[in-house]
Structure formats: structure tokens, C-alpha cells
Amino acid sequence: MTTLDIPWTLAALAEKINATLQGITPEQAAHVLIEGMAPLTTATPTQLAFLAQSRYRAELARTQAAAVLMTITEAQQFKGVSLIVDNPYAAFAILSHCFDNTPKLAVGIHSSAVVHATAIVHESAAVGAHVVIEANSCIGADVQLQAGVFVGARCQIGAGSFLGPHAVVQHDCIIGERVRVHSGAVIGADGFGFAPDKGQWQRIAQLGAVQIGSDSRIGANTTIDRGALDDTIIGHNVIIDNQVQIGHNVHIGDYTAIAACCGIAGSTRIGQHCILAGGVGIVGHISITDNVHLTGMTMVTKSIEQAGSYSSGTAMSESKHWKKMAVQLRQLPDFSLLNMQKQIQALQAEVAALKRQDNP
Amino acid sequence: MTTLDIPWTLAALAEKINATLQGITPEQAAHVLIEGMAPLTTATPTQLAFLAQSRYRAELARTQAAAVLMTITEAQQFKGVSLIVDNPYAAFAILSHCFDNTPKLAVGIHSSAVVHATAIVHESAAVGAHVVIEANSCIGADVQLQAGVFVGARCQIGAGSFLGPHAVVQHDCIIGERVRVHSGAVIGADGFGFAPDKGQWQRIAQLGAVQIGSDSRIGANTTIDRGALDDTIIGHNVIIDNQVQIGHNVHIGDYTAIAACCGIAGSTRIGQHCILAGGVGIVGHISITDNVHLTGMTMVTKSIEQAGSYSSGTAMSESKHWKKMAVQLRQLPDFSLLNMQKQIQALQAEVAALKRQDNP
Amino acid sequence: MTTLDIPWTLAALAEKINATLQGITPEQAAHVLIEGMAPLTTATPTQLAFLAQSRYRAELARTQAAAVLMTITEAQQFKGVSLIVDNPYAAFAILSHCFDNTPKLAVGIHSSAVVHATAIVHESAAVGAHVVIEANSCIGADVQLQAGVFVGARCQIGAGSFLGPHAVVQHDCIIGERVRVHSGAVIGADGFGFAPDKGQWQRIAQLGAVQIGSDSRIGANTTIDRGALDDTIIGHNVIIDNQVQIGHNVHIGDYTAIAACCGIAGSTRIGQHCILAGGVGIVGHISITDNVHLTGMTMVTKSIEQAGSYSSGTAMSESKHWKKMAVQLRQLPDFSLLNMQKQIQALQAEVAALKRQDNP
């Protein structure tokens, strides 16, 4: 494990993000000690806060923070100490790592790990307790394999990647550089491929693997299945939350974000810069173009060719009200709203005619 | 592993729950041997059954059970042997443990476990095969860590807690007393925190941890993420089923129950005594008050301030019917039901006027 | 690990599936080497392809494949080399195993495995690194337990079964022959049984176990809970995808297929030959008859007594449109479509009468 340089000086933190100091001189900032980061409302005088959205501006007046990350626009109205940056939230993201006390594994291979003689582990990599690395796999520089990680045969784990406790990567999968795979994630289990044959299910061997691009992130207990014939492919800087299921031969484009509990069925392709909110379900064998936003729990049953935001489902209401709505909904196919509208219009015309006739 | 005192005498079981015997003398009950518990319909003459809901009363007449747990109200109409208690289902819960033959781990640390020199393991705790306990963690009295459990650095596992095979608790998390964490659950993986920065995702270090109150229950393969700045907090006697996802900085109030496959996004607060049925999805940054009941698969997109039952979604129907409904639903925004209703009323008034005019 | 006989001759593959050669003599086929299988569009001259659905027929003309699996009907219109079979997709499934290079564990017990002295492991079984097998369990012939598998006390794992890395089978569970349980699946964790008692949750010991029939398949990170009093039962040749949750005392009939992310609550019974698409949720204590098809994300809240296809949910639309629809939906209970329709009909009759009166 490493010791962090906590506390940092405000000057040192400002330098890391190329921030402009306001309300404080560089000399003073070199003597202000920062022990952590916190939201505006709870920050103490030894903590740094950030203002990422103007709707939190009211909290500025009362903050106890030593300094606040903000844009130049916000800083013009602020009397306190600020670090001026273009993107305060991204600056916060960068600085958060200065306070990260996640224990780091010791470099080297733990005595309880089982590493096949043909596997190659870089000398700067850390292989934790009870890790298993099978034949002909290659573990890159600075990789951390936490306790209980399984890496199957012929895998490549790129430099700087982190696999959390109990993460599983099965044979022939390729993980890029600086990828983080969290606990319990399973990369490369068999795709769900079965042929119906006289009422029985005949298993199809899954001959592909999984490729994950650099700087991507796979959440805890997420599953990404190996391909049937070709590989399942996750792009570069794709971020995937927990408990997501990605079927065989899915392709996910670069920079796409997938929140927890989404399920994507086999052979579907998702573009770049898409955002899937939690619980979205997508059928197999369709395509979703770039820059699509799917709101929570949306059910996608056909391809999406236009960028934009899409939704399905019904809004929540009190269960009593919901039951009435459900009954009405069931009856909806018994009626044609279009016909009813036309009938009303026809009646309006007829009544108008009758009125004219009666009152010429 | 332990040997249970099976069979029990009916008298011994009655005493454990302070039940009043009916239809049998205490002397007789001391000689009736009970080998297990079973539903009314399948219980044999050496098994104990229970009547928890009056709608199962008809099954009483035909039961072969040695005795039946029931309320005094039910007992007044029953001629057989009964154990009278206030809450038959709770009494059944208590007695179920008399027949639980789940193997218990041997006290002590298995030779294959990897326990850091600075970790403290209570002498009454049981640490199974291939368990890993990292630096400065503290394992309380009577704790059972089943095979393959991972406990990260600086964790506390409260007295009497049980972690099933392969459960993962990451660094700095605090688990209360008598908590049960089932197989494959992951407590304290990174929250899903990323800042968008020029089209890329910048990771935010997750500096908080997870706290779980006493007598809580975390299901198999459930994930509870560590907080971004502060901790994620699960209250006291919270029961959570399998495959639930709880995002960073969520707070769950005491005595709340969460069924399988629910997903709760970051920073949301859920009150006490709530019940979430299976598959509920809740967006981030909202509040749900105490005593809220959410029916299965409800999508919650805004705060709930009134206790009560809430639902969303549509009722199931035959797919053919459902397709027609889906088409009608899509057209719904093209119509104003309110306008149509008003137009009908206007027509009714006009026609009535015309009729009066024609037939004065 | 094994060496596969790759490449195969086309003649050898044809023989394995009793295919009739077309466009090539048996002598020629004995000299055509096949190195793999691929889709029609990407197959190379050393690969075998298949035509399983007539809608892909257009791809036949351009395929580079050495030969194509197809029915006799399709073959009549095809000039190239084909292997004629009744069910090309099932034939593809069978042949896929000829190219499966999944590493096989070495027979025997890895030195790091912890196997209880009373457990019986067949001499042809393979027990990988860090596997744990507890007391009185029985591991059948040719079973593969990959690295980190946990088998609790008194389990039976049938001949030919495969448990992927980190799969968990808890005490007293019975797994049939040739069952595949993928990584991170948890069989036999406690069912979610709690009795409410004065505002608190009282745990009910889960005294049953799980039984899984032969030739079944359990996906990665799927959870199947042990029964409360009796067992949870999965039939023969049931195929279950990843991240499925099956509650205590559920029964799943033979040959049923369950796609990813489904959740089935306790004590529900599902018939034979059913197909559940992804994300289906089913409440507890209901029955679903044989040959039921549930489309993706369907919410099932009551028993289904007629075979057929069932659905729920709403179709996806652009978020703007969806919001309007959601508003209209909420208002639906304020209107009676039936009444509106009747009022329109009454008006039509009255207007017709008025017109006849005015224009006799």
C-alpha cells in the first residue's frame, strides 16, 4: 500500500489542474493545507469544494470550504477563494485521485497465486492472493489483479489495468490499457447460443472471445459474454456500471456510458457517445446510432437511426389510480380514437347544418 | 459442523415460542417427536405446520401435521393439536432455526486463508478456505467468513455476522452485527462517477465507503457501491434480496425490504419501513418517505412525499392485443380526450336545443 | 488442455451430422480442409457456413465459404458446395464443438484445492485451482470444476457437468448430468424469507435446497435460491441465461428457456417448453402453463392458463412524444372511452332523427 501526500497545499492542487487562483495569493496558497474534498454544504475549512452547476450557486455563500473550483463566470460573482477552471467537475475528477486511499497491492506475485509457467507477468504488475492466471496469458506493466481474480488461457491484460477482487476474465479475451474491471464481473462466459432441435436445446460452442478497448470500465457483477463465431467488442473509454448484461457479439462504440442493470441482447450494435440510463433493455440484432440517449428502463425493440432521446414505459402513480389506468389501457384496442374524433367532427358539421336550417 | 437436537419434542418447541398447547396435555407433548416443519398440505405426523393466513383454513381439516401453529381465533374452530401464538408466521420463523442444518464453519482460521498480520480476528470467529483479510481489518466474535470471502483493508465485520462463499467487502466498509451477506455480493466497489470532459469520461475517485447496520441482510450477487465523498448507508434490519444494485451515496432507512432485481441510482434516500417489490427502478438524487410500497417493476422518477402504494407499467395481455394497444398508445398524444369529451357535451347541448326547437 | 483435430476434412464433418454432400464428390470432400465456421458473409474458403433462415438466402450467392449447411429445399436452388441436413442450425450447433478450443482442465485435483476428506471425487473429474469441496459431497465422472468453484456440503454434481470459474453451489444441492453452471452463478443461497414481527423482520431458515435436471444450463452471475421448506426445482434441459434471479421454491419445467435479466419470485411454477425473453419479471405464487412465450420485459402478475404469447409495457418513442403520452395516460382514468363512444352513437341517432324530421 502507498502513502498519499495528504494534506496537499492549495497551491499544489491548483497547479495539477492549471487553475487560476482568485481571492488568495500564490504565496498564501502555498500555506493552505487541504485534507480532502467535500460538497459545498458540508466542506470544512481544510477541504476543497466545487461548483459544477449554477443551480448550486446559493450554497456558495454559506460554504466553509478552503476554496471552491468554479468557472470564471461564477468567480466574477464570488468573493471567497476560488480555483478558476474551464470545467470544474472534470477538475474535481482529476483532484479526487489526490485523496484516493484505496490500498494498492504490492508489486509481485503473491505466494498463494497460481500462475501457469507459460504466462507472462510484467515485473511491475501486482498479483494478489489466490489469483489464477492460466496458460499463455500476458499481464502488462503496472497491472493490479486483486485477490481471487481469474484470468483464463491466452488472455492479454493491458498496461495499467485494474481487476477488482474476484473479477473473471475467461480464455482468449483481450483487455486494453488502463481498463478497470470491478469485483465479480465476468468477461467471456459462454454466449447464450442454443439451436432448437426436436423440442430440445442443442448447445452451440461459443468460438469467439471479448475485446475491451483502453480506458474502459466494467462494473461489479457485470457480465459480457464471449462471441459465437466472432468477438464481442467494447470500444475505447466505454463506461459500464454494475449488473449490466451484454450478450454475445454485441458491439459498443467508443465513449458510450451504460448505467446499472441494463441488458443488451446478442449481436446488437450501439454507437459512440450514447448514454443508457439504468435498467434499459435492448433486443438482439439491432443497431443504435451515435449520440442516442435512452432514459431509464426504456425497452428498445427496433433500431434507432436518428440521434436523440428515447423513452418507454409509463409514469408512476398511486396504485389505486394505476389500476384504473391499467383497466382503461386494456380497453384501448376496443376503441379507435381516430374514428371517435372523426365521428365527433361529422356530428359537429351535421348539427351546424341543422342549426342553419332551423334558423335560416 | 454442528449436530442439531433433531428430533425436538413438541413441548420443547412450544416453550421456545411461549405457545399455549391446545388439544394435547403438556405430558403428552413431551413425548411427541417433531422432525421438521412443512406446509399444511404436505406435513406428516412428525412435522409441525402453521396457519398464517385465514384463507388457508380449509387445509386444516386434511392436514396430517403433528400440530399446527395458529392464533387463538383460529384455534377456537380447530379440533386438532395446535400451538397458540400471537403471530404464527413469526413463531414459524423462530422455530425454523431449530431445523436448520446449514453446515457451520469450524472456529479458527483455515490454513489456506490469507490474513494480513495487522488484521484482528476474534478467537470465536470462523475463517474458511481461501478467505482473504487485508490490513487493519477487524473480524468480530462468532463471525463466519465462508470459503473465498474477501475483506479489504480497514473493514469492520460486526459480531455474529455471516458472509457467504465468495462475498466481497472492500476497504473501509463497516458491517454491523448479525448481518448476513450472501454469496457473490459485492459491498464497496467503486461508485459510477465520471465527469464528461471534451467528449471523454474522466474517472472520479470514490473516496467514501459503505456502512451497513445491524441485523441487515444482503442477497446473493447484490452490489452496494462505495460513496463518492461520503458513505453509502444501509440502515438497521434492512433486508435486501438478490441481484439488487445500490448506487453510491444511497441511504436506505431502517426496516426497509428490497426484493430482487431492484436498482437504486446514486444519492437517493429511501425511508424506513418501505417495501420495494422485485424489479423496481429508482432514479438518483430523489427522496422516498417512510412507509412507501412500490409494486413490482415500478419506475420511480421523482420524490415520493406521501406514504402509500405506488405503481407504474402496463398489465400483461396477449401479444396480439398488446400490439394493438401499443399502436393506440402511440397515437394518444395526437388526441385530446378532454377536448373530445367537451365537444361531445357541446353537441349534446346543441342537439337537445334543436330537439326542443323542432318539437316545442 | 486438449489439442483439437483442426483442420477437419469436409468429409469428416459431413459424416458427424449425416449430411448429404452436394456439388462435390466424397473423394473431393476428403481433401477439403475446414479450419473453422463463420457467417455466410464473412466465411473464407477454409470455413464452413450455414443457411438457417431463408431470409439470408441472398447471401449465398456471394459467400466464399468452402461449403454451406442447408436444407434440401434450399440446396435445390444452390450451385455451390452444400451439406444437406434437415436442421442446418442444429447441425451447425453440433459441428461448432469440433472447433471449440476452450481449454480443458487437467484431470485430477489441483494442489491448491481444498477437498474435504469425506468428499468423493471421481477419478476422471478435474478440480481446478483454489476449488473448495466440503464434507460428503460427490463429484461425478468427467466433471470439470474450474478455478475457485465452491461446492458446499452434501452436494451431488452429476457426470459430465461443468462449473465455470467461481461458480458457487451451496450445501445439499443436486446438479444433474451434463449441466453447465457459468462463472459467478450462485446455486442455493438462502431464499428471501422473513416474517414481519412488530415492525421488524424475523429471518426464516431456508431448509430446502436446489435440484437441477440434466443437460440444463445456468448463466453467469445467475442466482437460484434454496427452498424454504421444500426444494427449488429446475427441470431437464432448461437453459437459463446470465443474471437471472430465481426465488425459493420456484419450479421450472423441462426444455424451458429463460433469457438474461429475468426475475422469478418465490413459489411460482413455470411449465415446459416456455420461452422467457430478456428482462421478464414474474410475481410469486402463480402458475404459467406449458408453451407460453413472454416477450421482453413483460411483467406477469397473474397465472397464465393458455399457451400463447404475452406482453406488457409500452413501445419506445422519442422522449418528447413519450412525455405527452405519459401525461395523457395519467388522465386516462378521468375518462370513460366506452361512455364517450356511447354518447357519440346516441348523438348520431338523434341527429339522424332530427335530419329525417327536418327533411321528411
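Read from first to last, the chains carry the letters A, B and C; within each, the first residue is number 1.
Here is the rule we use: contacts are C-beta pairs under 8 Å (C-beta built on N, C-alpha and C of every residue); 3 or more make two chains touch, one makes a residue touch a chain.
Keep in mind that what you see is a predicted model, and the values were worked out from it rather than measured.
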Task: Fraction-based call for chain C against chain B, same above half, different below - done: different
Task: Angle (degrees, nearest 5) of the CA superposition of chain A onto chain B - done: 120
TODO: Report, in whole Å, the distance between the mean C-alpha point of chain B and the mean C-alpha point of chain C.
DONE: 26
- [ ] Send over the residues of chain B in touch with two or more other chains.
- [x] 112, 130, 148, 166, 184, 221, 243, 261, 313-315, 317, 329, 332, 335, 337, 340, 344, 347, 351, 354, 358
Open item on the list: List the residues on chain C that touch chain A in their complex, please.
Closed with: 1, 36-39, 42, 87, 89-90, 92-94, 96-97, 99-103, 110, 112, 128-130, 146-148, 164-166, 180, 182-184, 215, 217, 219-221, 237, 239, 241-243, 255, 257, 259-261, 273, 277-279, 296-297, 313-320, 322-323, 326, 329-330, 332-333, 335, 337-338, 340-341, 344, 347-348, 351, 354-355, 358
Open item on the list: Which stretch or stretches of chain B touch chain A in the complex?
Closed with: 112, 114, 130, 132, 134-135, 148, 150, 152-153, 166, 168, 170-172, 184, 186, 189-190, 192-197, 199-207, 221, 223, 225, 228-230, 243, 245, 247, 261, 263, 265, 281, 283, 293, 295, 298-302, 308-315, 317, 321, 324-325, 328-329, 331-332, 334-335, 337, 340, 343-344, 347, 350-351, 354, 357-358
